[in-house]
Amino acid sequence: MTLPAIEGRALSRTYGGFRALDGVDLKVARGEVRGIIGPNGAGKSTLMDVLTGRAATRGGTVLLGGRDISALAPRARQRAGLARSFQKTNVFLDLTVGEQIRLAGRCATLDNGEEVLVALGLAEIAHRPAADISYGDRRRLDLALALVGRPQVLLLDEPAAGLTVEESLAMADLLKDLARRWHVTVLLVEHDMEVVFGICDRITVLHLGRLLAEGTPAEIRSDPRVISAYLGTAA
Amino acid sequence: QEPLRIGVPTALTGTYADLGSQVKRAIAFAAAEANAAGGIDGHKVEVEYLDTEAKPDLARRQAEKLALQGNKVLIGAIASGEALAIAPLLARWDALYIATTNKSDKITAEACVPRMFRVNRPDSSDAATMAPWLKGRSEETWAVMAADIAWGRDVAASFGKAATAQGKKVVLENFSALGTNDFATYIQKIKDSGAKGVWVALAGRDAVNFAMQAKQAGLLDSATVAGVSFVTDNTVASIGDAAKGVAGIINYSSTLDNPANKAFVAAWEKAYPGTTPTNFEGETYIAMQVLFQAVKAAGSVKAADIAKALPGRTYATILGDQQMRREDNQLVGPNFFGVVEVFDGKLRPVVKMSVPAETATVAPSPACKIAG
Amino acid sequence: MTSPATLTATALARPARAPGSVLALIVLGAGCLLPFAGASPLLLSLLVQAIIGAMLATGVGFLVRQNGMVSFGHALFFGLGGYVLGVPLAHGLLPPEVAVLLALVVPALLAFLLGLVITRIPGVAFSMLSLACAQTFYEVVLKVRTLANGDDGMSVTFPARLFGLDVGLLQDPRSMYLICWALLAAVLVGLWLFTRSPYGLLTLAIRSNEERARFIGYETVVPRAAVYALSAGVAGLAGVLATFYNGFISPDMMHWTLSGSALVMAVIGGTRAVWGPALGAVVFFFFKEIVGDATEHWPAVIGITLIVVTLCAPAGLSGLLARLFARRAA
Amino acid sequence: MTLLSFDAVDAFYGRAQVLRGVSLAIGKGERVGLLGRNGVGKTTVVNALQGIAQVGRGAVVMAGQPAPRIRHYSAARAGISVVPQGRRIIPALSVRENLLLGAAVARPGPWTLARVFELFPVLKERQHTPGTALSGGQQQMLAIGRALMANPDLLVLDEPSEGLAPVIVDELAEVFVRLADEGTSLLLIEQHISLIRRVVEKYHIMSKGMIVDSGPLAQLTTEKLKQLVAV
Amino acid sequence: MIIHILNGFVYGGLLYLVAIGLVLIFGLRQVVNFAHGSLFMLGAYVGYAATAIAGFWAGVVAATLVLAILGLLLDRAVFRPLQDQDPIVTLLVTFGLLLVIEDLVRTIWGKDTLTIAMPDLLSGTLRIAGEDFPVYRLFVILVAAGMGAGLTLWLKRSRIGLYVRAFASDPLTTGTQGVDTERVSAAVVALGAGFAGLAGIIAGPLLALSPAMGGSILIESFIVVVVGGFGSFSGAFVAALVIGQLQNLGIVFIPSFATMIPFLLMMLILLWRPLGLTGRAA
């Protein structure tokens, strides 16, 4: 039996007494695309922060390919193969798109970088400083920065937000492709149900900082608790 | 005729700006007077001023600039530190420097060089002048309040020595940075120390600040306050009544009764109506008198020639005839002690005791070896 | 779809700046000829001081450019260069050669160690911290009179030869000018190469968004400290040169007003180009000289000029030049 | 009365031109949608309204008044509130203070702190935390609440559904329609065609800084969408 | 000892009055206003001139008003046009202003050191703990405390206070909410400059006037602003008092290193809390 690509045990996080994440367990197999959904404020971004070390864990363990990385700094976790994008775009505004992709790919020239640029439709604006590109482009750049380091596990926080529907679907294809071809494990936080149900192998639902449900898209789609707490008519 | 070109690196801004502008005024006055009389042996007098902010480092750069521009006769930096910074380079620039307010003994001792001269009274002279006054005082315990620069440190040392020699005790030494705003704590420390007398070596804005705050805190009433360069003509003008009764060293006073001085004061009052020359203006004027006579004697406006002519000669000045001593390039002159009182309807330092040149200017320091 | 090959060429190669480098070479060469073109000792001496100032400003400006940090305390490293050189010499503590080497190394080293701590702190707080460090050292050299006479400063006498080199050369305006000019050029080229290197790009990225840099897998504290050390090293070199040339050290070398004017010069020159601050320093220095000679109201004239220049050219002289060139080329 | 009209407006960021001759008009009670791919200039329309992008040629009229020089506050004072893309919550202020700031123009109307809290109960719960400590979706709610606090005549929504859970989007769609029924006009910029369909009655499609197609919602065929917005 | 502590409060109070303006302007514009020390100095001189004509209290009013008006101009002519520029560019302009103001004062009032007489009402001393303490110094402490309390309340409670804090954090968004940020900013800068003027005239009877008097107080007020937590009034208040006290006690106990204390304190505090005593993470 193979080890899960990433595993979280009893992950918790409080903000000044407020329990944003409350003892969540999570196990994601290699090459799986896992959707994380839940109402606003359910603790999805917090989960990402705890996994990547952006927010200190208060209790709980993070294992990457079986190795305990709970004590590592974000930088070290990234080097160990854990990359992420951000819900609030988080790019290098002063650098050109090409420069930051090159940096994130840790290469002097862009070999695998090009592929990512082209795949995300950023190639034409590669020479422009990120400060001058539109919001949607910045979101894609954010994703590109996470992708280009060829991570084993990729955490994406609402990558489709702000993209046109066509683009969301294109991105969904890209993610699926990544998972297949490079065995990248993807954790996807997303409110776009078309994307989530379209590409996720399994879905985890958070609510009020706790695990509400977990299962295949079909199971989740029909789970009444999930419908009332989250999906509404989208189900 | 080649002009006599004088460079004045002096403090035109900062804590000592007030002193710098006095130096400047006196030099301008002397130069105008000489030019009106057709120059020195026909040499027109030209003066350039540059601001040193009383900072040694800047003084050095400004002096170099003046010298390289051809103003090789340098006069009138304010702080001793400035003179000490300039001294080692005079030979390189082929320039000379005449001190008019720099009092540190080092200038005519360890740091003396053939191209540097002093016309004003050094610390040792002030100490010799203060000693007899101190002897007659009943205050047994003293505090020193001095600027934290070469001069202030020198004064504290020489006052300490004189006081001990008279059987008095220095119970506290305060050194304040140039440009101190609030002296309240120093004043309170002096009060706490129980000192009956305070010897002050502050000048310019520091002096005014300290005097005002000392007055407000009642220190001027509860202790005897006296000092050097402290209650000068200008500080008295600034502080007003608070200065009344404060005693101190007076290096020059416009009230001195000799014909040369009377003529000088009269001419000054005509040139700058409503003012009388201050102590620093008088001392600086002496430098110009000495310089002009040396130029005449040298028959040249070249710094090298003037520097050669300067030592050993006796000069007619507003303090009487004074000799430029060969051993240490120090002008040998009298010194005075006095008190601030109303004189001619105006509050000002008034001379109470004169010390003749021979006693006032102590023997040359063996540390100076220029006359070899 | 764009083919990968063309993409690499267009997207990643920066535009070649051939005209710029040719211009730089011309300026460099012309500068060397100056002493032989009959420049007066006064002019050369002023130039030496201007270049030393330019080097200090270069250090300050480089920190702004590469780290985005505004130092109010770079005089610390300038002065440190001077004191580490001068104090051991005056007290006979170290062989002169060792003192020289130490003076070149200590400022950068101190900056690196300090930098590990203080460059973590953002924005104005960093400026204030750098100011605090510098002023603390300033107070030490001011108050500990046994070091170098406190406020009065101290003359430094050098042995006649150092490393077999005649020290007189370092005090003669003509030869010192050439030495300083060459060193400044070397510093500028070195820094420029740094900015073009991958490490340089990394420091820019950290400047832009430190958190994201960590999340793409980079350590961010050491690069910041390294840039700080580099810029301090340049300031320290300037201090060493100043001490050789003037033969004098005083606390003013560490005072915040010097840090301040270095910053002013750097900003006037514009920090976007590596050479901007140096240009700003030289222009400012001579402007101040000329105005200072012309009128006693030089502070007002300088002040007004500063205001006008900044309002008209917020990107500094180098930014202005770049714009002129761009317009010419367009 | 037209609350807002653009007449052949060119807009710039510095020297870079983004909008080219954009014309549109929104009258009282109207619900207008603005669609287009990423980077075509939708947000720039809003930015021009708020003096963030500079208007070159062309005229902007707000609340019946021509606006020759647009300041940041012009739109708000003319009764036009914006829910900006990216939310722009003020970090130094608490949730409650962010809402109060929205009421800076102090227009009378139904929206009060209490009513916003009723609409988004979570904001009430967390009213004393710093605004930016909220989750992404909660911040979006805050931005909407803030805009409502001004009781605007025209509410401009730049991708308001971004980051919101589907249930909330459903709820919002209802709120928007209700708002319009109560007389508030809407300009809705969206990628999600479902929300557009549920809310607006008129649409404009942008491409490369220009409006390339307009009409009543009924004329917005899937074909057109495929071609112009790539849905 | 009590006297030493009171003296600490006096200097701290003065620092606070100067720092208020810096806090306001920094908080609002993120600009380090180098000209602030010279505004303080100018306040003292304007006060000097007005005192000579119509007495000390007229001087207080004149200094405050004239400087407030100057603040308006400053905002209009400098801060507003430069608001989108890098803060160091603005810093440079304020540095230029400093040079101009100092030169102006030097030209008008000369280089001689001037003094302002105390108002009769406040001259004289009070016996405190068996020592004489000048009444005027107590007055300075009271003024600083009063102003500090008033301002803090105003900012915390009033609507304008809300706008000011919002502006400080994100001027653009604040503007788009319908706040006339230009007026807010003008008012705040005027207020800050007015306080500098007030501090200047209040300091007049304590310190000798000179064109350079703004220099050292500027640096110390910077320290107050930083230690207190950028843009925080209550923080600045505490910081000013602490620095006043420490520096004073420093002169009493370790005179040679007293001037170092504020800097060391600032270092320690910033390393411990990079945003200052009361700083909140954004």
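When the chains are written out, they are named A, B, C, D and E in that same order, and each has its own residue count from 1.
Just so it is clear, contacts are C-beta pairs under 8 Å (C-beta built on N, C-alpha and C of every residue); 3 or more make two chains touch, one makes a residue touch a chain.
On a predicted model such as this, the values are computed, not experimentally measured, just so you know.
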Open item on the list: Along the graph of touching chains, what's the shortest path length in steps from chain C to chain D?
Closed with: 2
TODO: Please name the chain that ends up farthest from chain E once chain centres are defined by their CA atoms averaged.
DONE: A
- [ ] Compute the distance, rounded to whole Å, between the mean C-alpha positions of chain A and chain B.
- [x] 78
Open item on the list: Can you work out the whole-Å distance between the CA centroids of chain B and chain C?
Closed with: 39
Open item on the list: Counting only Cα atoms for the centres, state how far chain D is from chain E in Å.
Closed with: 43
TODO: Any chance you could list the residues of chain E touching two or more other chains?
DONE: 102, 256, 259
Task: Multi-partner residues of chain C (each touching 2 or more other chains) - done: 143, 299
TODO: Give every touching pair of chains, nothing left out.
DONE: A-C, A-D, B-C, B-E, C-E, D-E
- [ ] Within their complex, state which residues of chain C touch chain A.
- [x] 1-2, 4, 7-8, 10-12, 198, 201-202, 204-205, 207-209, 211-220
Task: Contact footprint of chain D on chain A as seen in their complex - done: 15, 18, 37-42, 44-46, 87-89, 132-137, 158, 161-167, 191, 193, 229-234
Open item on the list: Per the contact definition, I'd like the list of chain E residues that touch chain B in the complex.
Closed with: 3-4, 7, 10-11, 102, 106, 110-115, 117-118, 125, 131-134, 136-137, 205-208, 210-213, 215-217, 248, 251-252, 255-256, 259
- [ ] Show which residues of chain D lie in contact with chain A when the two form their complex.
- [x] 13, 16, 37-39, 43, 85-86, 122, 129, 133-138, 140-141, 159, 162-171, 191-193, 229-231
Open item on the list: Could you list, by residue number, the parts of chain E that touch chain C in their complex?
Closed with: 26, 30, 32, 34, 78, 81-82, 85-86, 88-89, 91-93, 95-100, 102-104, 107, 219, 222-223, 226, 230, 256-257, 259-260, 263-264, 266-267, 270-271, 274-276
